[in-house]
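Each of the two complexes below includes chain A, the first together with chain B, the second together with chain C.
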Partner chain A sequence: MLEKGKISPRQSGELLFITVFATSILIVPAVTTSIAAQDAWLAILLSTLPGFFLLGVLSWLGGKHPGQTLFQYAETILGKWPGKLFGLLYVWIMLQTAATTTRQFSDYLSTAFMPLTPLSVFTLSLIFLSVVAVISGLEVIARMNEFIILLVVAFLMLVMVLALPNWEPANLLPVLAHGLVPVLRASATPAVFMGEVLVAAVLLPYTTRPQRTFAAGAAALLSAAFLLAAGVVAAIAIFGPALVSVFRFPLHMFVRTINIGDILTRFEVIVMVTWVAGVFIKLSVFLYCASLGLAQVLGLRQYRPVVFPLGILVAVFCFLFFENIVEITEGIKSVAPKVYAIYYLVLPLLLVIITVVREKIFGHKFQAKRQ
Partner chain B sequence: MTNAFSLLRKIIRPRSTRPAAPQTDNEAAAKKPENVDSTILKERLALIKNRLGESNDVVIREFSTGSTEVKMAVLFIDGLANKQLINDAIIKPLLSTTIVNHYPEKLTAKNAFDLVKNNIVFYSEISTAPDLTQALKMVLSGDTDLFIDGEQKVLVFGTRAWEKRTPAEPETEAAVRGSREGFTETMRINTSLLRRRIKHENLRFETMKAGRRTVTDVNLVYISDIVNQRTLEEVRRRIAAIDTDAILESGYIEEYIEDYPFSIFPQIEHTERVDKAAAAVIEGRILIMTDNTPFMLIVPTTFFQYISAAEDYYERPYIALFLRFLRLFVLNIALFLPAAYVAVVTFHQEMLPTPLLLSIAATREGIPFPVVAEALVMEGTFEVLREAGVRLPKTVGQAVSIVGGLVIGDAAIRAGLVSPAMVIIVATTAISTFAIPAYNAAVSIRLLRFPLIFLAGIMGLYGLICGLILILIHLAGLQSFGVPYLSPLVHGTFSDVVKTFTRPPWWLFVRRPHMLGLQQSRRQATNTFSRKPEGSTRELTHDATGEKRQNQPGGENDS
Partner chain C sequence: MIILLALLLAALFLIAIVETAPLVRQKHWPELAAFLFLWGLSSFLAVAQFVGVNLPNSMRFFEKILP
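What follows is the complex of A and B.
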């Protein structure tokens, strides 16, 4: 076993929550609102459906192959070399997600807080922290997350409550003015983030009671979607859909409007600080999954030696893939849903189909053997 | 990072892989050919003189007794053994002919050992040492040996009695309310202090030895039907693996047995308070008592133990709740207030309300250094003053604080070297550091402050949060004897969290901490607080005067 640590179902649920939630709260509100206007919250809730589907598929596969991660049972199902290729595809997509996450957040920090600081300061420091965390192991990430999740959720709640005086509920009306079609179109972008429950495929075998991962993951997905929707509702209620879709980071603007007795003002920096922690966990989770995956595909005995090189790779990707923040946002709006649909829906479904075909037609038995 | 630490530890300190070295140098000496033990008293005494040398505190009294003139010798260390007792209870009956001849059996070299042991001497604590090496070891701890000519075995009398300090109030952990007794340097007094508080038959004192030359007694104290056996086994293993020449204080042991020797955080709590130690033992933790020091180690330790004080458990729950949160707050202030100030003033001025910003800017006018340099210098100066004041006699110490106060507080500001705001920040931080109950935890916080100020100075709040995340990664990786250091905040049950951050009333403390994995977790029945007797809802004063009864006839039955 590459990973000796075990996490509890609650911890894995919390990891999934922060993975889905951490950066979606930055990007999703503006993108969804630009398509679905005041119905953006509905789009977000709808977007959990593919997430649930993926989670169901992964739990089913994980139940068939206890003690194995996605990378290992891909080899069992597809055969050695096709399975390795399949695993590499997922290592790639995880690295790419990690790079996108880092770049998004670094851009946010750079534009919103420290425009004079070079972008690489943020990307490199974030990646450095993640590398240290990943080398410390899954248990450490999970434990840290238990602490950080409190901060992230508590601050978001606090911010929403403090902003209540600025609400204009009329901004949220009318509901479904243009029918369901824009809502469905808008749900594609949040679905990309909801699909990040993919990491459950790696966490599952290291959870103490794997059969409860689906429940934990579902709870994580739902709560992330509700918080996200609440954030969007709050943003729209304050600014109206037109403004929200123009803002680059609506939630940032939204925090800036808060003013309690001229003392609590402009504390978006503090909110930023909690988000750094959340994004750091997300990045660590993806880097961990990618490193573990690569180690398993290559048949290494330790995943730790590949963490640092992969971290450097992520840093390079950050600058190689994207020119600027607009490109990221546009990419997430139009290209990403199609690309990620392959990884989050088509390929896992392919595994399920091949499993069923091999079992039902060729009579092959995937026996539940424990490692 | 933690992994790197454990790797380093493996390189530096291979545990229990080393071939068994002789435990003490005495044993090594005993194996030399010229040091072979003999049953003939004369040779034996010569050997003893050879091995103990010409130390003037070694007392050997030779005599012969009985009608057959059996030769005997008493050996003890002056100052460690109770001389009066040896005279009255051992030598006097042996030399008194009435007593020796009182028994029908005649005292001869053959039966001397049993007769002396079972009949003649007036002593309660007698044991037998199989050979000279063992006997010498016990003499050096204050016992008294009786050698009998022609007998290999040695009679050992427990006569340990040396100058002791009486239990005094612990200076490092003073409390307004609570027991005034603190541990002393003497193991026997300490065990009695604990035994007096926990009179249960399952309280165990398990003795181990550590240190080749100091041969220090180390006691593991636990309650055998509560303690987690695996933790206990691990503690035993780690203490047994200590192989060094001297253990002079429990701090030595702490560093030998802690999980992460390179961590900046203390992973083993220590206490001088008897009540705190007793509470820890009852809670299922293991107390490691070291001879010659009043500081007892408590394992396993979690980080949040450092925000609790013994007094919390004696005062009303509300004040304890308030104090715990205050200490948490103070811990954070001590850790990053200066760093946050540096970050906000350098990078995030927009966070401050305008009037405040203006006043800070006004005081900083004309100050030649950047804020971060100012903060580092001021924090450094404070540490110097503090270090200078700690070990000085009280009279001189005052001079230091006056000079320091004048230099920092007044002259530096008037000279325009530092801003008054920075002085306020440094002072607040310093006071916050003192408000953390545990000195060793406060020390690590003090040290971490400097890198955080530096990070905040170069990257603002983002740098600060990066530093804090690094600390968190480290903390989350720590474990103390199998218990995660951040428990119960991570890995914990809800009731553990409640019990750590608040102090529920005693009658609600139904279970011991879940995180320790104990044999018995229930410590009392639910709801054991003393209720009023059934039906007596009326107040006693009214009952006494009878006024109420006349005004409200039948009120008792209605309610």
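What follows is the complex of A and C.
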């Protein structure tokens, strides 16, 4: 087995939570509000539906092929070479997601805090840290996340409570003023982030009780969606939908409004700290999944030799794919929902259909082979 | 520019030395081959991007093929 470590269902749920939540909290509010206005929070709650569907599909496939990751059961279901090609597609999308995440991180730090520092400083330091974490193994990432998740959730709730005096609840009304269509359209972007529960397909075999992964993943999705919706509600309640939709990082802006007796101010540093920690875990998870997947596709005995080269590729891609933060936001709004729908919904569903057809029509029995 | 390029190359070769030594010692040849291929590819892309070569962007490809 390439990975000898084991994590608990709770740790796997926490990893899924941070994977979904880490970058969405800064990007999603502006994008969803620009389409659904004050109903953006509804769009976020709706966007969990594709996430639940994907989680259900992955749990079903994981149950059919115990002890195997997505990369391994793709070969079992589709055959050796088509399965390897399928696995490579997922390695690619994981690298692409890792590159996008890294670029969002670098652009946020550069735009909001350190405009004179080159992007490469943030990018390379984050990737180096993540490579070290991935080489250390899944257990190490999961244990670090146990501490980081507390910081992320506690600090976010703290800033929301501190911002309460600035809330103007009338900004949230009327509900569904333009009907359900803008809400459905706006839910496509957060759905891209909810679909990142795809990593459950790689974590599942390394969980002590895989049958509980669905419950852990569902709890992670729900809590991420509720916190994200709370963040959007807070931002809209303070600024109103028109302002939120033009801000690049609405959460950052609403945290800047907190002022307690002119003494406790500049809370945005808290957002930065928690976000940096969350993005580090998210990048580590995606780099880990890509490395493990590539090693499994290539039939290697260990995944560690591919981690550094993949880290370099992530660094190259994050400068190659996007010119600036506006391009990232536009890409997430327009192209990403279509691309990720293929990876998160169509291809996993294809695996389910082929499994069912082979079992029901051709009478093939998938062996519960442990690897 | 030249100093930064030298630093980049030094970092890339340092990674190669650190990673290949244990693989050679343990005689893990498939892992060594995979590492050298990926390291070569990623180093080529990193240096090409650093010196300003116009590399193909997969995002543009997706933008073109998706309606």
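Definition applied: the second predicted complex is superposed on the first by the 370 of 371 C-alpha atoms of A that agree within 3 Å, B and C clash if a C-alpha of one lies under 4 Å from a C-alpha of the other, contacts with A are read in each partner's own complex, and residues count from 1 in each chain.
The rule is simple: contacts are C-beta pairs under 8 Å (C-beta built on N, C-alpha and C of every residue); 3 or more make two chains touch, one makes a residue touch a chain.
If you're wondering where the values come from, they're calculated on a predicted model, not measured in any experiment.
**Q** For A:277 in the superposed arrangement: first (chain B), second (chain C), both or neither?
**A** first
**Q** After the superposition on A, what does A:143 contact: first (chain B), second (chain C), both or neither?
**A** first
**Q** State whether chain B or chain C is in contact with more residues of chain A in the superposed arrangement.
**A** Larger number of chain A residues touched: B.
**Q** For A:133 in the superposed arrangement: first (chain B), second (chain C), both or neither?
**A** A:133 sits against chain B, while chain C stays out of touch.
**Q** Could you look at A:247 and tell me whether it touches chain B, chain C, both or neither (first, second, both, neither)?
**A** neither
**Q** So in the superposed three-chain picture, is A:310 touching just chain B, just chain C, both, or none of them (first/second/both/neither)?
**A** In the superposition, A:310 contacts chain C only.
**Q** Regarding the shared-chain residue A:52, is it in contact with chain B (first), chain C (second), both, or neither?
**A** neither
**Q** Is A:267 contacted by the first partner chain B, the second partner chain C, both or neither?
**A** first
**Q** Is A:331 contacted by the first partner chain B, the second partner chain C, both or neither?
**A** It touches chain C, and chain B stays clear.
**Q** Along chain C, where are the residues that touch chain A in the complex?
**A** For this pair, the touching residues of chain C are 12, 15, 19, 23, 28, 30-32, 34-35, 38-39, 41-43, 45-46, 49, 55, 57-59, 62-63, 66-67.
**Q** Which chain A residues qualify as touching chain C in the complex?
**A** The touching residues are 96, 294-295, 298-302, 305-306, 308-310, 312-313, 315-316, 319-322, 331, 335, 338-339.
**Q** Could you pull out which chain A residues touch chain B in their complex?
**A** 8, 109, 113-114, 117, 121-122, 125, 129, 132-133, 135-137, 140-144, 146-148, 262-263, 265-267, 269-270, 272-273, 276-277, 280, 304
**Q** Which bits of chain B are touching chain A when the two form their complex?
**A** The contact residues of chain B facing chain A are 1-4, 347-348, 350-351, 353, 459-462, 464-466, 469-470, 472-473, 476-477, 484, 486, 489-491.
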